[in-house]
Amino acid sequence: MLKAENLSVYYGAYRAVADLSFEVGQAELVTFIGANGAGKSSTIRAILGLADRIEGEIWFDGQNLKNVPSHERVKMGIRIVPEGRKIFPELTVLQNLQMGAYFIKEKARFNRNLDWVSELFPILIERKNQLGHHLSGGEQQMLAIARALIGEPKLLLIDEISMGLMPIAVDKAFELIKQVNAEGMTILLVEQNAKKALTVAKRGYVLETGRIVLQDTASNLQQNPLIKKAYLGG
Amino acid sequence: MLQQVVNGIIIGSLYALIAVGLTMVYGILRILHIAHAAVFVSGAYLGLLVYTYTQSLILALILAAVGCSIFGWLIQRFLYTPLLTEARIVPLIASVGLFILCEDLFRLLGGPYIRAFKVDLWFDKLIFFDTVVTAHQCLIVIGTAACLVSVYFLINRTKLGLAWQATAQDMDTAKAMGINIKQVINFNFIIASSIAAIAGVLTAINYNSVLPTMGSVPAYKMFAIVVLGGLGSIPGTIAAGLIIGMAETIMSAYFGFIMPRDAIAFSAMILILIFRPQGLFGKGV
Amino acid sequence: MGLGYLTTIGTFVGIYIILTLSLNIISGYAGQISLGHAAFFGIGAYTSALLTLKAGFSFWLALPAAMIIAGFIGAGVGIISLRIKGDFLAVTTIGINFVIVTVFEYSDFFGGAYGIMGIQYPMLFGLKISKFYYLMLVFFFVVVTAFFCFLISKSWIGLALETIREDEDAAEASGLNCAKFKIIAFAMGCAFAGLGGVLYAHFMRFITPNDFTFPVSITIVAMMVVGGMGTIRGPILGALLMAALPELLRPLANYRLLFYGGLIVFMTRFQPQGLFGENAFIIKKLFGQNLRAAFSKRNRAGGEEI
Amino acid sequence: MTPILRIEDLSKSFGGVKALKTVSLDVGHNEILGLIGPNGAGKTTLFNCVCGVFPPESGRVLLKNKDITRQPTHRIAHLGIGRTFQIVKPFKNLSLERNILASLCKDRTKGLSPIMFGTGLKKHRQEVLRLLNLVGLEEYIDQTPMTLPLGHQKRMEISRALALHPKLLMLDEPFAGLSQEDITPLLQVIKNLRSEGLSILLIEHNIPYVMELCDRLVVLNFGEVLCEGTCEDVQSDSRVIEAYLGS
């Protein structure tokens, strides 16, 4: 479904990611784990066409994404839950959701998706007319996820979902990811909380300083002594 | 007194109309767009031209708006967009240069003298309780209201408007949501410039004159209004426009011998900024 | 075109160089955008005019006095700049320009809209100096200003101002009191604008509020930006070019402003770092690379010899 | 022996959200203290409160028993705290020499003394070279930071902080975004600094490097100190694994 070959991402003169090759299959949940600054977020931004400059190739659904502007990529079905939530603070919850479904023209389809999302997050519908910045951190994170889901993604990119969330909210978020994936959504999950990520993911790539140092199934990674020591806390 | 309030509203709504475009440009690109005043003057000239040939005010307004949208778009595409990565003062100076160039161009094309812009309306004036409201003033109030309502509608009720708001708040995330930023910027300049054009035509009608230098006072006074409104806040700008318009009219009617009207706007702005550095409606830091 | 005419133009160019260099201290070094510099030009001119005419000061005494007063009022703007920042500050300085011109225009003390007439040429050794020597005097002060700017750029204070321009947080973390240096920058810049004003007043011998309005401020900013902010040659050459240009364009009489405006647009659009700035086309042509690279290469070469 | 830095009951909130809740910690002499915790736990806020970027609501910060709470940032720098930034903040258009010289300014710009205009900057080139040498950058002295890779910029920031002759060095995520070839020399630089007797407070996510460098760790979570102790203690603490390392 998603395939990258020899991907390098640059910010100005600084190379954040070097020669990454990976793929994500249909309905698969793949995770990138690694420390802050290992290049995980840069990779995700590159998939969406938000990086300054990239080298290498990315294919999505068999189509080469070179020269495809980011808004076209979103139209093709790639959605993101950005790092740090990045909801629009001065828009209402409902407007934030509308932004997520920007390319869905049919009213009925939007309403159907809205119903689906509100089943997942009843709290959001209760607060649909409140401004984004009035929500609590956890609610903002839910909104960010809902905003991505409402756009009917084929591929969902999730960047640091556990960041700044209470442990209980983290559990809930991961539960949700699992559920959505079980319904057939393809997900690429970037996570600092390696332990959590590996419990939900099928496969994982370990990134260190812009390079993939290890790739394996999630269960194997969980058993790997090096990973245990470095990321799972012994 | 009431008469002064009416006059103040008229002036204020013209101010608000010009400043709204400026604040929209600032909201997205963070550029102080002095050449907006040139767009405003070209609107007045275009309106006059069309009106002279067709005698239709509606047509004059529409064609002025269309012409200025193109003008505004050209400025955006060929002057501002390439300069976005430079120091912030650079596009500002480029904008000033463009304004000087345009003023001279208007003088060369339209002649250095004042041209009358006389529009006859169905009635002459309305009088309520000793307060005179001329037909032109009615036109301005209606025109401004129509423009501001349509801007409100466009921004708050359409999808593109929603995208505009999102882009103004967080351009990067808006891009990640699949917004075509170029399209939003174009939309922004088209709306801003057509409103400026309408403001130009209405101002010309109000004073029954079109002249090459009619943009020089708005060029900088608009900044006082935009800053007072909190740089980038549309409701703030409208409120600030009305406040400054009223303050000027009332102050100069009663204390006119102390201060000229242009200084009133700026004194008010400085005083308010010292106490609220983010403007009246700006976000607290 | 007589010699007298050339002298006049030369004097104006000199005054503009002083103004542009002085603004460069505020905007080019310290990075604070001021769009109201003409106000301090005016404060210098009015102070000197009033001191010589009403208080009987000599030109030589009025000159430092005017600089000090302009500097003090400039420091006030510096204090405002601590609270109001960025684009808000830029627009506030437009406002300050307006308010100060209004004060000149509407108070009888400053001669109202008619301004002040009968300002005297300075005397030197009891003699009234000629127009040509006045030009020399102006150029003496241009050199003084440029030398002052050179000293700043080589001194600790210049370094402090540059760090504030680059990053205030990092400057504070490096132990620099940003507030103090911003006020100093405004005070110094405005004092030298005051110097320009003194020279202007005693040359024209007749000043009106109109000479110090916002468009004049914009002209000064444009000269600085077109020349190249943050350097010394940039403002000098920018002022030289843009003050002389309207005269060179005189044959085009009717199209002067058109070309002037067009030139500003053209230069900012295609040479946004300034015509004589660090990465400018001309500099690259002359040195084959940008200036800093040229210098650092030379320094390193020197180092190897030792 | 009194600690170099003592933080007592520091609290800070932003718009109703409590970023720090009565945080207390000590940094001892010649110690590297690691400050870890999930993103948004308040680590950088703590740094900023200590450095005077914004004032804490309550609590005290003591540097060598001297109360420095609510002092302006530049005063705190003079008193002996050097810091680096999470997102590097070099003076982009100035050469490394001038970047470092900026921190030497403090002694020469007191009051309005004429020395401000002194042109003695060149005389300090040796001192600048020495400082750059500490982080291994002396060959780049005439280059601007933007021509250098991120790792060099981060080392330059450390050198700039060292120019203050600090008693305490505060490093905000020094390893974030660095490649392996940049990390190795940086690790060495930090170790050298400790061996020269400096105390260091370090925020870092890269647990292996934290373990390698730090003498003690403090774990922050939701603005509170979750636990503190030696690396081994912290690593085996169940609360830490739950909240941060992953359950």
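Each chain gets a letter, A, B, C and D, in the order it is written, and its residues are counted from 1.
By our rule, a residue touches a chain if its C-beta (ideal position, glycine included) is under 8 Å from a C-beta of that chain, and two chains touch if they have at least 3 such contacts.
Please read all numbers here as calculations on a predicted model, not as lab measurements.
Enquirer: Starting from the defined contact criterion, work out which chains touch chain B and chain D both, please.
Expert: Per touch definition, common to chain B and chain D: A, C.
Enquirer: Looking at A-B and A-D, which one has the bigger number of contacting C-beta pairs?
Expert: Of A-B and A-D, it is A-D that has more C-beta pairs in contact.
Enquirer: Suppose chain centres are the mean of their C-alpha atoms. Which chain sits farthest from chain C?
Expert: It is A whose centre lies farthest from that of chain C.
Enquirer: Using Cα averages as centroids, what's the distance between chain A and chain B in whole Å?
Expert: Each chain's C-alpha centroid was found; their separation is 42 Å.
Enquirer: CA centre of chain B versus CA centre of chain C: separation in Å?
Expert: Centre-to-centre distance between chain B and chain C: 32 Å.
Enquirer: So, what's the distance in Å between the C-alpha centres of chain D and chain C?
Expert: Chain C and chain D have C-alpha centres separated by 40 Å.
Enquirer: Which residue numbers or ranges of chain C touch two or more of the other chains?
Expert: In chain C, no residue touches at least two other chains, as defined above.
Enquirer: Which chains touch which?
Expert: Touch list across chains, by label: A-B, A-D, B-C, C-D.
Enquirer: Mind listing the chain A positions that touch chain D in their complex?
Expert: Residue list for chain A touching chain D: 12-16, 18, 35-37, 137, 160, 162-164, 166-167, 192-196, 208-210, 229-234.
Enquirer: Quick check: in the complex, which residue numbers of chain A touch chain B?
Expert: 45, 48, 50, 69-71, 73-75, 80, 82, 86, 88-91, 95, 98-100, 102-103, 147, 151
Enquirer: Chain A touches which residues of chain D in the complex?
Expert: Per the stated touch rule, the residues are 17, 38-41, 146-147, 149-150, 173, 175-180, 183, 205-208, 222, 235-236, 240-243, 245-247.
Enquirer: Given the complex with chain C, which residues does chain B contribute to the contact?
Expert: Residue list for chain B touching chain C: 26, 30, 32, 78-79, 82-83, 86-94, 96-105, 107-108, 220, 223-224, 226-227, 231, 258-260, 262-263, 266-267, 269-270, 273-274, 277-279.
Enquirer: Note which residues of chain B are touching chain A in the complex, please.
Expert: Residue list for chain B touching chain A: 159, 162-163, 165-166, 169-170, 172-181.
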